[in-house]
Structure formats: C-alpha cells, structure tokens
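Quick heads-up: structures coming right below.
Shared chain: chain A. Partners: chain B in the first complex, chain C in the second.
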Partner chain A sequence: MSSDTGRLGGPLNSIADGYNDRFGQVFGELNGLQFALIIGSLLVLLLVPVWAPLLGMSGLLRTLALASIWAILAMGWDIQSGYTGYISFGHAVLSGGAAYTTALLIGNVNPDLSLAVTLPLSVLAALTIGLVIAVPSLRLKGPYFSLVTFVAGLIFYQLTYAFSDYTGGELGVRVGRIDFTVGGFEITTFDPVMRYYVMLVPMLLIAVTLLYVARSNVGMIFVAIRENETAVSAAGIDTTKFKIWSFVLSSIPMGIGGWLLAHFYGTVNPLNFLLVDRSIELIAMAVVGGMSSILGPIGGAFLVIVLREEVLRIFGATGRWVMLWTLILLVLVFARDGLFRKLWHYLGRLGSRDGGEN
Partner chain B sequence: MDMGAGAENSAQLAVDQVNDDGGILDQEVELISEDSLADPGESMTATERMVEQENIDVLIGTFVSEVTQGIVDYVGEVDIPFLITGSADPITLTDTVGEDYDQFKNIFRSGPINSDLQALGMADYAEFLADEHGWTDFAHIADDAAWTVPFSENLPDELEDRGLNVVHEDRLAPGTDDFSPMLSDVSSADADAMLRFFAHNVGTGMLVNWRENEYEFGIEGIHVPGMSPEFWDDSEGAALYETTSQSGAAGAAEITEETVPFTEAYVEEYGDSRPSLPMYMGYNSYDAVFVYKNAVERAGTADYQADIDTIVDELLETDHTGATGEIEFYGPDSEYPHDVMETEVDGTISNFPVTQWQDEGEFECVFPRDFASADHLAPDWM
Partner chain C sequence: MSLFRLDGLTKRFGGLVAVDDLSFEVDRGEIVGLIGPNGSGKSTVFNCTMGRYKVSDGSIHFDGSEITDYRTHEVVENGLSRVSQESNPITEMPVAANIKLFTLPNSVLAFRGGATDEEIYQYAARIDLEDKLEEMPDELPHADIRRLEIAKALATEPEMLLLDEPFAGMNQQEINDLVDKFEELREEGITMIVVDHNMGGLMKLADRIVVIHNGSKIAEGSPEEIAENEAVKRAYLGSTEAM
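Moving on to the complex of A and B:
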C-alpha cells in the first residue's frame, strides 16, 4: 500500500506544497491527496452544467443548487454550534427570519424591490435575530441554551400564523425568482444553469471566508470554549463576548442562505423555512459531514440532499425520508465524527510522507 | 393520503379511457404522478422535475393551497397548462391570472368552484335546511387556516342577508383535540346547525362528543377527512348524520350522465383499496383530463412552448359535461378569471352538492334537491 501512495502522492504532494507555502498558514496545510480531493470536488461542482446533461442527469442542476444553499446553512450552524459546542436547535429562525424579511418587503412594501435592498436588509434581520437570541441565552449552559434556541424556533413558527395578514399564514408570500442584469446580461434563476451558479458561487465564497475565520485565532478560541470554557475564562478571555461573535459570524451566512432559499422556492412559508424540522435537518447535515470543520458540513449537505432528492427516490415520496433519517441515525451511531472527517483523516494517513496523523 | 390516491387513480382511469379511445391527438397518453407531501418546497422541485426532465404537457392537481401557491410562479414562467383540481382558494387565480394575465394565462381551475362561490353555495344549503327543518340559527366554526378565510369573510353576512341568523362564530387551531368547549359554546348559543369547515382538523372526537351529549344541532358544512369513503369505518360510525359538500357527491347522485358510470368504473378498478371512491379531487381530476384533451384537440396542438395562446383560447371555449357537472370557465376579464363557473338549478348553485352519512355507512346526496338521492336527516335525538 505504501508504494501505491508513494506513487500517487508524489506529484500531488509537490502541488500541494505549493499551496501550503502560500495558503497553508491561513487555511491549514494539506497533503497531496487532500489537495486532490478539494480541487477535484471543486472542478466537479464547477462543471456540473457540462457533465450532468451528458450523463442524462440534468435534474442534478436543481438538486445541487439546493444542496449549495443547505451547505451555506450547515456551515452557518457549524461556525457557531460546531465550533463553540453551544448547540443551537433553532438555527432555521435565522435563515427563516431573513427569508421572511424579504417576503415582508416584497409582499407589503414593494414587489419590485431589488436585491440590493432585500439582501442586505435580510442579512441584517438575521443578524438582529441572532443577537436577540444570543445575548440573553449564551450565559446559559448545557441543555438550557439548546432549549432556548429550540423554543425561539417554535415562537417564530407561530408568529407567521399570528400575523397572517402580513405573512400569509401557511400560504406564505410569493417572492419570485432572482432576476437582475449585469452589464446587459440578464441573470435569472428561472434558467437552471444560471440558478446553479447563483447558488454555488456564494456557497464557495462563504466557505473560503468561514475557513479563514475558523483557522484564525477567533476560531481557536471558539474551539477552546467548547473544550474547556473555564480554562478560557481563566486565561482572561471574555467567553461570552466570543460566543456572541460566533452567533454574529453564523448569522451572516444564515441570512444569505435564507435569502437564496426564498428565491430558490419562490415562496416563503412556515413549513419550508421555520418548521423545527428545518433546524434539525441542517444540524444533521453538519454532523453527518463532521461538525467543527466547515468543509464537513458542505459534504454533509451535498450528501444528504443528493440522497434525498435523487438516490433514495426509489423508496417513494415518504419512504425516502424514512430511509434518510435512518441513514443519518446510523452515521450518528457508527461515525459520530462525521463521514467527511473520516475520509479526510484517512487521506491524511494515506498520503502523509512520514506515515503519521496529519 | 386518501385524497391524493383517489385523484391519482381517477386521473389514471381517465388516461386509460382516453388511450382506449385513441389517445390525445393520436398519441398515447402517459400519467406521471408525484406526491407533493403537502409541502410547497417538495412540490416545487417535483414540478420542475416533471416539466424539465419528464417533459410533461399538462399539469393537473394540487390539493393544499400552499402547494398551489408555491408552484404558480414557475408554472407561469414555463407556460405549461395547469389545471387545478383540488385547492379552492380564489386567490390562487385572482392573484395570478387576475394580476398579470400574460404571465399566468396558462393556469385554470377546472374544479371545485372556488371558495367564494362555495360560500354562496353553502348559503343556498342553509336556506334549504331552514325550509326542511326550520333551522334558522347557525354557528360558523372554521379551521384557522387560509382556505377557510373566504367562508369566514363571506358566509356570515350572506346568511344574515338571507334572513338567517349567525349566533356564534369561532376559529379552531389546526390539530385541536378537545372539541368539548367549542361544542358547548355552540349549544349555549342555541344554534340549530353548526356550519364547520375542517380540513386540518379531523372531527371524529367532536362527532363522538356531539352524539354522547345529544347536542340539539346538526353538523353541516365541509369536512375533508369526512369525505373519505373509509371515514364511516375509521370513525366507527360516529359520522352518522354529519354532512359535507363535495364535488361529485361521492357518486351518490346522477349529477350528469357521466357521474355514475365514472364512479362505477372507479369502484371496479380501485374499489378494493383506499379510497374505495374517487373523492372530490378524483372527480375533478378525471374531468380535467378530458377538459385538456378536448381543448388541445380543438387547438390541434399540445405544444405549449410554441402555442400556449391557442391552447388557452381553446381551454376558455370549454363546454364539457363532466362527472362533476357542466364545466365552463370564467373569461379573462371576469372577477374570477379562468375559474370554473358555478352552475345553477332553480336559483341554487348545483355543482356544490352536499352528502350526508346515513344509515349503514352510506353516502347520500341530500342537496341540491334536483338530484338528491335521499332526504336530509336531522339527528334522531333532535
């Protein structure tokens, strides 16, 4: 086996070293195989509109666009819950709050508002909601914090019915698709290829940003809070301040993801945005991939959505949900650290020159 | 659920009959079904999949209003003919076809009549109850849900205008499990009948409570779970005397010459599985297949991408005798553009028939009088 990896790892390792010299400090060092996985996945994702139709799988453009949005949400959850260990069961409130902000603006203010207005205001709303939940609740420990976030989810869900004159109750609000013009070129998410890139590109940018943050000192403090909060306090660091920061960092991608999801579906309603299932789904994605890794939740989101929308369809409309949750349960029991973390470490061992852990 | 299975079976039956008769435009027809799971997001992706990957030519269905609402923008954009056969909220057409005709002209509702018109039909029915039993005082109880809004907004005023009294009004949260406070309110308001509009609430517990207390009022209106032919057994007979309006009247009456043959064909093919009758969406979905067939055959094309205007023009010309009644559409400039028109007999709306669970668990059509299969029964304790 070692001769195999030597052969494979050699040229890859030298390319990876070029990356490590330049960016290793910022995003973490990679060996050749890990580098190949990242670049390979990136190429596969960027070229979906080329290969999917050739394989007769054009529907993947829709599935992977949806997966990109959920990857944003799963990463958003990860930077807060995964890294600090303060597990939020109500994160859909942040994305849902952003989506409903767009819905209320379009439905009650002006149907022709541009994304230059709705996007920043929606992200701002997610940020505000994040702070409103974070500031009082992050002093709570253990299950109480999780319960507060869970209950916040229930409150927001019911609010949509209580204010149904504005929110449309269970019918929700139609917000339409994304449609704008750049330099005379019309971008519309009615076109499956354009929609895919409109969802994929923000996902990649957010991934790079969050990786940067997670590998920085701030990320290290988040992890330290998770591992031993008392020790962090003892070192003179205000942990509450950093926990609030984690919520802020989380709210921005949640806001962007919520806004994208609103325009992906074209309708904002309680079921698809605020039902507590949505919060659990994004946790499941992050955990299946491997929480506190940013890349893991991306893998988890793509795996879960592709399984749900494509692979498990053979079990029927409801059967696939049963199968999906069963598979997630199996991952939780047998691969608690996440499938992509396992793969990552496996590649780390396989491709490292000294045979040690990477 | 039963409603969706009934609709799918009925559409399949229509497709089989069409194929036996040479197909549409001499082409064999294939039915592709997707379960929306009553989830707008699921139905959005299912619709896209059917349009883009399965290359369907027409979309028929949608029961839950939020599902209809969730797909209209996409459907409007791609121009595929869409015949709604389940959800009745008028805004699914007034907010789309009525607001931006050019964008949404491909959307129609071939049945049931919308809930504004259903509210008028219900007022006709209340007058009938006043004639039959001298019931003049009504309680109005509705699911706290969007689909009941047209009833809550229109029906109480309509009843008052017709000289009837609304003595109590209430809304129930979806998933209510204790109906006794509501029933006792209706009873203390001295209502002769309660008009209840339930889709999210299953009224079995309410019916048992009603019977045990021998409350002195009838239970009328719309009860979606009670439309299932299996509801009698599911409720262990507690359904006795409750009524619901439903397109097709569960096949209990000869609404047109199509109603009974379709019902019999359905029972022969699917009578051993749930639901053993088509249910209202089944009748509407069966009719929709023929409405579409006739329109595209008159148009000479089913190619909506090239000729949607011709197909829409021909859909507007529809005059079809279906299992639910005579089907014609309101024109583009009317109050309810592209909505199926109400039909009238003797001044009462006739394509909004009411059925009652009677002895031995039979659906009987009790209204309108012209084709009723049995008299409306007041509970024997009244």
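Moving on to the complex of A and C:
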C-alpha cells in the first residue's frame, strides 16, 4: 500500500486505500487521484439539478439525461465487443428491438401498460435478438462477424418500414413518458429533474454491475478470448459459451437503455433507434472514452453527447455532425486507446509520483 | 488397460495424408517419446487429440472414454493438456495471470475463484518460474516462455501431458534441467508424450519411443533399440536433420 509521502496524493491516497481494502479486489484498485476523479464525477452528476440552474444551464438536465442513456448503451456494447474483440456493428438492433417492443405493446396492445410489463418484455426482446444474432454468428471470425451484425442492423431498419401498419413507419409510435410511484411518491419523466434521475440512477447501477463483471474471472476470460482464443480453450474453457454469455450480459443493459430512450424521446422511430448511424455512434462513444474499461465508454458517451447537444450547436444542424465526426476521427487517429483511458493512466502515474503505489 | 490409445488415427488435408493409420498406446506413468523428421505429422497427432483438428478416420481413447470428437475444452477437462510447439501467452497479462487463466472454472457464473496467489506460485515453482510471476511474457527469455507454457498446462491439473518439442531452442544446460523437471513430474504421477524431431533430450527420459515418418509408424521400442534401428536411420537420412 502507499506510503503517503506526497503533498496532493497523501490524504487522497489514504481515503483511496480505505476503498481499496474493502473493494479493490472486486472493482480494481485506485490511487488517490483516480479515486478523487470518480467521486468528483459522481458528485457533479448527482448534483446537476443544483448547480446547472445556478449557472444558467438548465438545458443540461436534458442533455445529461440523454448522455446517461447513451452511456448505458456504450457500456452494453463494451462488455461484449470491447472485451471479447468480437466487434458488433449492429448493436442498435438490441436497444432498438427493446424500444420497438415497448412501442408495439403500447401502440397495439394497451396504451396504459405499466412499466412492470413493458420493461421486462423489452429486455427479453433485446436478449432474444442478441441470442438470435450471436449463436450462429459467433463461429465467424473478425470482419465476417462484424458484417453479420451490421447486416442484421440493416434488416431490422427495413422491417420497421415493411411493417409500418404496426410500427408507424418513418413517423414511429408514440410511447409517452414514464410514470410510477415509489412509496406513495409519484415519479414522472414530465418533470425534467425527475427524468434526469430516472436515467442517471439505472446508468450508475449498470456501471457498478458491469464493472464487477469486467473485473471478475468472466471479464478476464473475455479479454483472453480477444487476445488469444486458442489459448482459452486450451485452458479448458468453452469459448463459445463465454462468447454467448457476453451477448447476454450486453443485451440486458441494451434492453434497459433502449426502453429508457423510448420514453426519453416519447416516440420510437427508425431514425432515432435503428438507423445504422446509431450503432456507429455507440461504438464511437466507447472508443473515444477507451473501450474495454466500462468507465471509458461512460466518459465517451457524456463527452460525445455534450459536444453534440451543447458545444457544437454553434455549427448549425448539420455542421455539428460534421464537426462531431471529425473530432471522433481525430481521437481515433491520435488517441486510439481513448481519452478517458489516457487521463486514467496519467492520474495513475501522477498519483504514484505523489507517493502512491504503482 | 492403457491410459491413452490411438487406433488407426488418420488425418488428411485435402490430398495430403498427414497422419496415416497410426496406432499406439501409452500406459499410466509412462513417458513415451514421439519422434520423426520435420513434417512427419507429430504436431498433427497432438492437434487431433486436443480437438484442434477434426479426425479423418480412427479413434482416440483416454482414461476409458473415447475422446475422438471432443472439443478442446472437453479434452482438457478430461485430464489431458498440451504444450504447443508455438508459445502463445497472452501478452497483455503478466505471467501470474497467464497461469491463473488456466485454473479458472469453466462456468459463466463463476465470477470469483480459480487459483489463489499461493497456488499460482506453486504451479510456477514446479517448473522454476516462481521468480517471474510479475513479469510480462514478452520480457521473458525463450526458455522461460517455454516454462510458462508448461506451467499453464500443469495448472489444468492434467493426468497426462502432451509436450510438443519442449527442448527446441534451448541450450544443453536448459535441456538437462528440463529433463530433470519432467522426471519429477513423472514421480508426481503425470503421464507424458514428448515430441521431438530427434532423440536428443529423449534418450535418458523416455521409456519407449515411437517413430513416425510421413504420418506412419515405422518403429517402436526402447531408446537403445531405436538408436540402432535401420529403418529409422534411413528415414532421417532423407531429411536434413540428424537423429
């Protein structure tokens, strides 16, 4: 453990060590600065409804709620594609499938269905679609696997037009907002503050769960599959089973994220949910933050969404997309490991020079 | 009854017959040498046994069960482990994690488990690698990378080890040390097939030698018998290698 000789690192490190003793084994060890970054980000996110209005930036509540949902999707992609190296270019099919399940239930079965029905069925739909894609295609290697997932995305996109009697085609289906009561207290996403927390809290819970998985044996086996699949089977491990498991672990957050996104927009249409751009965006978020790290994709999602929805607006409706993709391209070329990962390792080195471990 | 048995094992790649109607047995506790000039089909025998290649004909039995069509992880779960000719450590993980991977349970719900640090140390110590646990594989000298491959195979707790050219690229001192280690493993009850392209390290080690040439068995016997065998000498005469 650390010797606490640094000026800045010292007190932070001793707090971090308290964390490390209790949770380091489970979620990975942190030094003082990394710990401060995590806790700082968490506080900033939890207190957005307090500080955003004070700074005259109430619009951030909407943007950061949206970023939370995309963070779920980017993490969902990461635990499968980032970790196992079987890169899916069609992951929006999973979240889109969940969103359309909710849409079809509400639009065609009963507009008053509660989330106790729509949420589990939507996640189940994502899971089913994930397995339908994964089971036959995971035998394929490299570009062939990616191509299959990509084409699956194209098929689902066209299906929404082919069945426009049910899906509303281009216009989509209205699903309305989320309303529920906890302990007599009514939660509704009509209220921007409540909506923010309805998106943020699941994101944080999914992050903790996926971090646990990623730092466990299962995450280690996923990475080993990416690096050397033959070696993993030589270890007596059924790689097919674990690759399918990665899809299961991915489909569940994709389903939850798709369901949240449906209610965030209030309408489910092909453009916002199934267009192939959506699959590429969530990959971009994961890669910009730093894939196969879970935390990286969260950072990437917040960065990309804040840029797109806030900062780059000055370039106009299409100009912002051009700028966004250009920036993403620059990150891919100059910081391939991801910005958040770079920051993380920088803090790792800084922290150790300040007297921490490593 | 023998622990391991090949019955008419045949492997064809298109028109090429890499292994041709090969049969031999290995008893529990034995060390059998499998030799033959380059390209004679030794690695293919191991690849068929480990479920890497689909067998064209014949059968493979291990410990009372037919394992001919088993997948790699099932073969390993049954107690067979192979040290490949090519080392393939995961370069992103240190030595200890490379060994640990080979102890992880084959269960998607086993989030924790596998060998403890102490157990990993023991696996490494069995092959003199215990001082290198924190190092990354690409920092290791050749002989240590080969030791890591053996430590990984041992970590699956095998009853039988298939060793493919374990002495390749090692100097005489390293070969002698490794021979001693294999003797110790035999004392611990591990059965072995050791492939080499010549008799070098096997002369002292092997109880019995099987010689294959163009995929077929051309001789079988004690190391002394094989050293004198005319058919074996002729097979090696055609190749550029010494016996």
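Heads up, the rule we're going with is that the second predicted complex is superposed on the first by the 347 of 358 C-alpha atoms of A that agree within 3 Å, B and C clash if a C-alpha of one lies under 4 Å from a C-alpha of the other, contacts with A are read in each partner's own complex, and residues count from 1 in each chain.
Here is the rule we go by: contacts are C-beta pairs under 8 Å (C-beta built on N, C-alpha and C of every residue); 3 or more make two chains touch, one makes a residue touch a chain.
From a predicted model like this one, the values you see are computed outputs, not experimental measurements.
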Partner chain(s) touched by A:R174 [first = chain B, second = chain C, both, neither]: first
Touched partner set for A:V201, first chain B, second chain C, both or neither: neither
Partner chain in contact with A:G266 - chain B first, chain C second, else both or neither: first
Touched partner set for A:A162, first chain B, second chain C, both or neither: neither
Which of chain B and chain C A:D238 touches, first, second, both or neither: second
Chain A residues touching chain B - in the complex, by the definition given at the top: 58-59, 62-63, 66, 161, 164, 168-172, 174, 176-177, 190, 192, 265-267, 269, 271-272, 309, 316-318
Contact set on chain A toward chain C in their complex: 212-213, 216-218, 220-221, 223-224, 227-228, 230-239, 241-242, 245
Partner chain A, residues of chain C touching it in the complex: 50, 52, 71-73, 76-77, 81-82, 84, 88-93, 97, 100-102, 104-106, 108, 110-114, 152-153, 156
Touching residues on chain B, where the partner in the complex is chain A: 34-35, 37, 39-42, 44-45, 48-49, 52-53, 65-66, 69-70, 72-74, 77-78, 89, 91, 95, 144-146
